[in-house]
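I've put the structures underneath this note.
Here chain A shows up in two complexes: once beside chain B, once beside chain C.
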Partner chain A sequence: MADLIQLLTNGLALGSVYALAAIGFVIVYSATGVVNFAAGQFVMLGTFAGVATLVNAGWPLPVGYAGALALMALFGLLFYAVVYLPLSKSPVVTIIIGTVAIGITLQNAALLTFGSWPFRLVSPVEGMMLEVAGAVIPLHAVAVVVATALLIGLLWLLLNRTALGIAMRAVAQDARTARLMGLRVNALLAFTWVLAALLAGIAGLMLGPMWFADVNMGDPIALKAFAATIIGGFGSLPGAIAGGLFVGLAEVLGASYVSSAYKDLIAFGAMILFLLVRPQGVFGERIQDRG
Partner chain B sequence: MVVRTRRTMLAAAAAVLLAGGAARAAEEPITVGATVPTTGPLSLTGKLYFNTLTMAAEDINKAGGIKGRPVRLAIEDAGASNSTAVSAFVKLVQETKPPFAFLTSYSTQNLAVAPEVAKAAIPVMYAGGADAVAENGNSWMFRIRPTDSLAARAMVRFMTTQLKATKPGILYIQNDFGQGGAGVAARRLEEAGIKVVASEAYGQNDKDFSAQLLRLRSAGADVVLVFCYPADGALLLRQAKALGLKMPVVASSAAFVPAAMQLLSPADLDNVWGVVDAFVDPGAGGRMKDFADRYKAKFGTDADAYGLAYYDGAMLMAEGMRQVGTEPKALRDWLAGVKGWEGIGHAYTFDGKGNGVGDVAVVKAKPGTKALEAVTSVKLD
Partner chain C sequence: MRSVLVLAALLLAGLALSFVVSEYTLRLLNMAVIAAVAVVGLNFAFGYAGLISLGHSAFVGLGAYGLAILTTKAGWSPWLAAIPAVAGTGLAAAALGYPLLRLKGHYLALATLGLNVSFGIVAANWIELTGGTNGIAQIPGLTLAGHRIEGERTFLWFGLAVLAVLGLAALAIHASRLGRAMMAVRDDETAAAMTGIDVTGVSVAAFVLSALYAAVAGCLFAVHVHFVSPDDFNVAHAITFLSMLIVGGEGSVAGAIVGAALLTFLPEWLRVLGEGYLAFFGLMMLAILVFLPTGIVGLARRWRRPVRPAASAPGGARPGVQP
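For the complex of A and B:
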């Protein structure tokens, strides 16, 4: 029982991070129709923004976190202005390939800037453990799950209860009509990219103490977040959350109760199954619904 | 008389030109190739021997080069895939035609590049540990690190004779290195009549090892043999402590390189032993201290066994070139005959398969610190 509690907590913490990365995918996809293949590198940059402020600059935790998130917001804005905007009139596939290229560039830029050695990012609750029914659970893992739940709640409020969020959804549904209605579509799209970068930044800052900050950490996150998005359904926030948690739990529980050698088969097998049987995922919209 | 003078002058001019040409030839650099992962996930280890190869070339040149000719390194990025490693080697051979080259420390890349080495017909040194690399009968390839099976056998011997463990578990990275090492360890244990209570794998990109570690604990393992790379090795040692695992851990060399050690706290290393290629201990004095001190002064980090292997390899290559020149076949034949050449990390003797190292060291952190100390050395045939 103790082992199960421990595994469930670790799986949920891992799944929470995948869910945040998947939400980043979904927000950008919903608003722009672009699958951002640099999403994993966004998370990696979030972790390294924390390395820059907390480790290299040695700022205190609250200032360091705020600084890292400010850097990520700036990055989101730059990404919109330098990558998305110049390509926005191009076919979607061109933009998607652009995100792949930028992802590779970001990874190698991080390698040149920070070097190949991993960094250790300290958690605000470093070393603190909870004992639940004999299971020793790092407090950081619990904090990750709680923080993700809070963020998702805030995101729901933003998208459903604020004028800004409703405007964002309007742009996501039909940018042309939204423009005719007087909405500042470019500013809203820019905010979408900033929001995606911020979510990735938070995911990266939470991941840093769980993993090490490593310039190559983006690819595995992107793969798992992509699987989560497919399973949950492209374009669906609840889908991204459910998909992320499923992938995280499948990874940890699969390794424990099925086989550590084949654990990734469960998540990716499920992804392939969904692509074959229910391509819109659990919560995803059918293609004709968009039209 | 005029004719004779003219002939004399022409001969003199030709002699001057030839002498100049010969002098230029004598000073012409010897290009030595090296494929090193300088980008991607393998660059963590690649950087270690990028540094020591550069340092070795400088040292060789400071000592007068190869009979007056300086050594010039031509380094190509081997990246993180076999295809990149093959392309890098082919490019090196086509563009610089080196008489000798270094390959990476990754067995899968070594295996992929091996056919190109045979085609190029130049001797190479490599540091991938998989036994399979040396099994294909490629007489141009010389290994400058212990084989994975040697390290695995040493782990088993240490575990049974020193730790007296009887219920081992194995945790390994899922690639040629990890699967090979785990396989050898399992076979050796079986031969010794010891049952492996659990054998767990993880992927190269995995970051959460809780499931594997908990399975090893619930299987009742009284020791865990770990075959890992640097960053994942450090991460799983940390997670093992966070999960409250108490049994001893015997980990492979990569977990003890400086890049991994800087991620660990002294508590993470409690009850952890390392079976390392060589123990880079400045306290040993002599050439080891000189190497370690100069490396730290030059690159700002501690030296490690991977880098040392390539430094020794470069010095051995230089010795061979001084002895027999740069003709590839002569150099290969000379290397094949090397017996007991005293490097800094090992005494190198190449066997019929090109394996040059026959010993490993067991290390452990001093209590409450991260400073490693030698426990024992294991030499196997």
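For the complex of A and C:
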């Protein structure tokens, strides 16, 4: 029982990170139609933004976090200008390969900047443990789950209760009409990229203390976020959350109850199964433009 | 006819090079030829039928592992082992294709990506069969009429011959009813279905053809390097194959070969960049996608017929799904 509680907490914490990565991916997809294959590198950059401010520059925690997120916001803006704008009128296939290509560049740039040696990013609650029903749980895992829940709540408020969020959704639904209504579509699209980069940055900062910060961490995260998105339903925010938690739990529980070598096959197997049987995912989205 | 001449010119250039270049360059040329076989195959799926596959190197891997296992564990001759290796890969592609190819665009990209990752996980962990991450070593080389196809130069001649046969076959398919059906499916699925084309059947045919070529490339790889491991067939390689096709110009056999050769040699030419090569590579791909969407072949075509928009040139249209 104690083991199970421990595994569930770790799985939910990892799942929260995947969920945030998937949300960033989905927000961009719904607003811009871009399937961002560099999404995993966004998370990696988030972790390394933390490495840059907290480890290399040695800033104190709150300042370091703020600095890292500011870097990520800047990165989102840059990505919008350098990658999204030139590609925005291209067919889906071109955009997919374009973001794959830029993901390679980002990973390599991180390698050149930080080297291949992994870093350790400390948590604000480093080393603290909680004891629940005989199970010892790292406080960081609990904090990650709580912080993710809070973030999702804030995101919901932003998208549903503020003029900015409603304008973003209007652009996502129909950019041309939104423009005719006088919305500043380009600024809103840029903000969408910034938001996605910030979410990925937070995911990266939370992941840092759970894994070692390694420049190659982007690809595995991207694959899990994709699997989460497909399982939950492409384009659906609740789907991204449910999918992320499922993939995280499947990874942690699968590693200890099924096989640690094949743990990742559970998530990918589920993803392929969903693609075959129910491509709209659990939270079925409109699917008329599946291509 | 012109495509046949271009193909012949490319192959003859390879043959001429085989007499003048160093042993090291010969090895790179061999790598380029093997990649070219795989990319000419990918051209069926991506260039003609517009199916975006991020799982191509899994099929290369299936062919390579098939041959490696049959030669080292069962003691078959590589010639004999290549037949079930290639045929089995084709069957696997057909079995996967029927359910998967109902998907389009990024759904198909993600599904094939998942397949390639899954292939890597199985290859790395099914140790009894695949040797795990240590791979399979000591794969025997080929012998032809008592002569061993060994040494980089001899292998290059053999590789060019294989590429010639497969390239000609690809051109024949391009000009055939099946090839035109694939391109019709790529350009407009609904319209293609309206004219009586079996969209799923044609897509699966393109997918299977691409897998067969991939498996041949895998077999060539296995008998050339004499060693296979999961890392040789990971997603990065699948992305490289796709990049080769895009750089060269999709929808064109010559483009596939040019792209494969160029991206095999590019890291060597850009050695000055050292570890920064990949950063440059990604930016270069992005620039090609934005400024040169029809690749090198498209550029040559535009230069020859500047009046005609590149999009209406045969095979020049980017296989996009209409929004």
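As a working rule, the second predicted complex is superposed on the first by the 287 of 291 C-alpha atoms of A that agree within 3 Å, B and C clash if a C-alpha of one lies under 4 Å from a C-alpha of the other, contacts with A are read in each partner's own complex, and residues count from 1 in each chain.
Throughout what follows, contacts are C-beta pairs under 8 Å (C-beta built on N, C-alpha and C of every residue); 3 or more make two chains touch, one makes a residue touch a chain.
As the structure is a computational prediction, the values presented were derived from the model and not from experiment.
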{"item": "Fit-or-clash call for chain B and chain C when the two complexes are aligned on chain A", "value": "clash"}
{"item": "Partner chain(s) touched by A:Arg184 [first = chain B, second = chain C, both, neither]", "value": "neither"}
{"item": "Partner chain(s) touched by A:Leu111 [first = chain B, second = chain C, both, neither]", "value": "both"}
{"item": "Touched partner set for A:Arg278, first chain B, second chain C, both or neither", "value": "neither"}
{"item": "First (chain B), second (chain C), both or neither touched by A:Asp219", "value": "both"}
{"item": "Greater residue coverage of chain A in the superposed arrangement, chain B or chain C", "value": "C"}
{"item": "Contacts of A:Ala227 with chain B and chain C, given as first, second, both or neither", "value": "second"}
{"item": "Partner chain in contact with A:Asp264 - chain B first, chain C second, else both or neither", "value": "both"}
{"item": "Candidates 23-31, 113-121, 167-175 or 239-247 of chain C: the single one with C-alpha clashes against chain B", "value": "23-31"}
{"item": "Intersection of the chain A residues that touch chain B with those that touch chain C", "value": "108, 111, 219, 261, 264"}
{"item": "Touch list for chain A against partner chain C, complex", "value": "33, 35, 37, 83, 86-87, 90-94, 96-98, 100-109, 111-112, 219, 223, 226-227, 230, 234, 261-262, 264-265, 268-269, 271-272, 275-276, 279, 289-291"}
{"item": "Contacting residues of chain A [partner chain B, same complex]", "value": "3, 6-7, 10, 14, 108, 111, 115-118, 120, 129, 136, 138, 210-212, 214, 216-217, 219-220, 251-256, 260-261, 263-264"}
{"item": "Complex contact set, residues of chain B against chain A", "value": "39-41, 43-44, 46-47, 174, 200-203, 205-208, 210-212, 214-215, 217-218, 231, 234-235, 242-244, 259, 262-263"}
{"item": "Touch list for chain C against partner chain A, complex", "value": "50, 52, 54, 99-100, 103-107, 109-111, 113-115, 117-118, 121-122, 124-125, 235, 239, 242-243, 246, 275-283, 285-286, 289-290, 293, 318-323"}
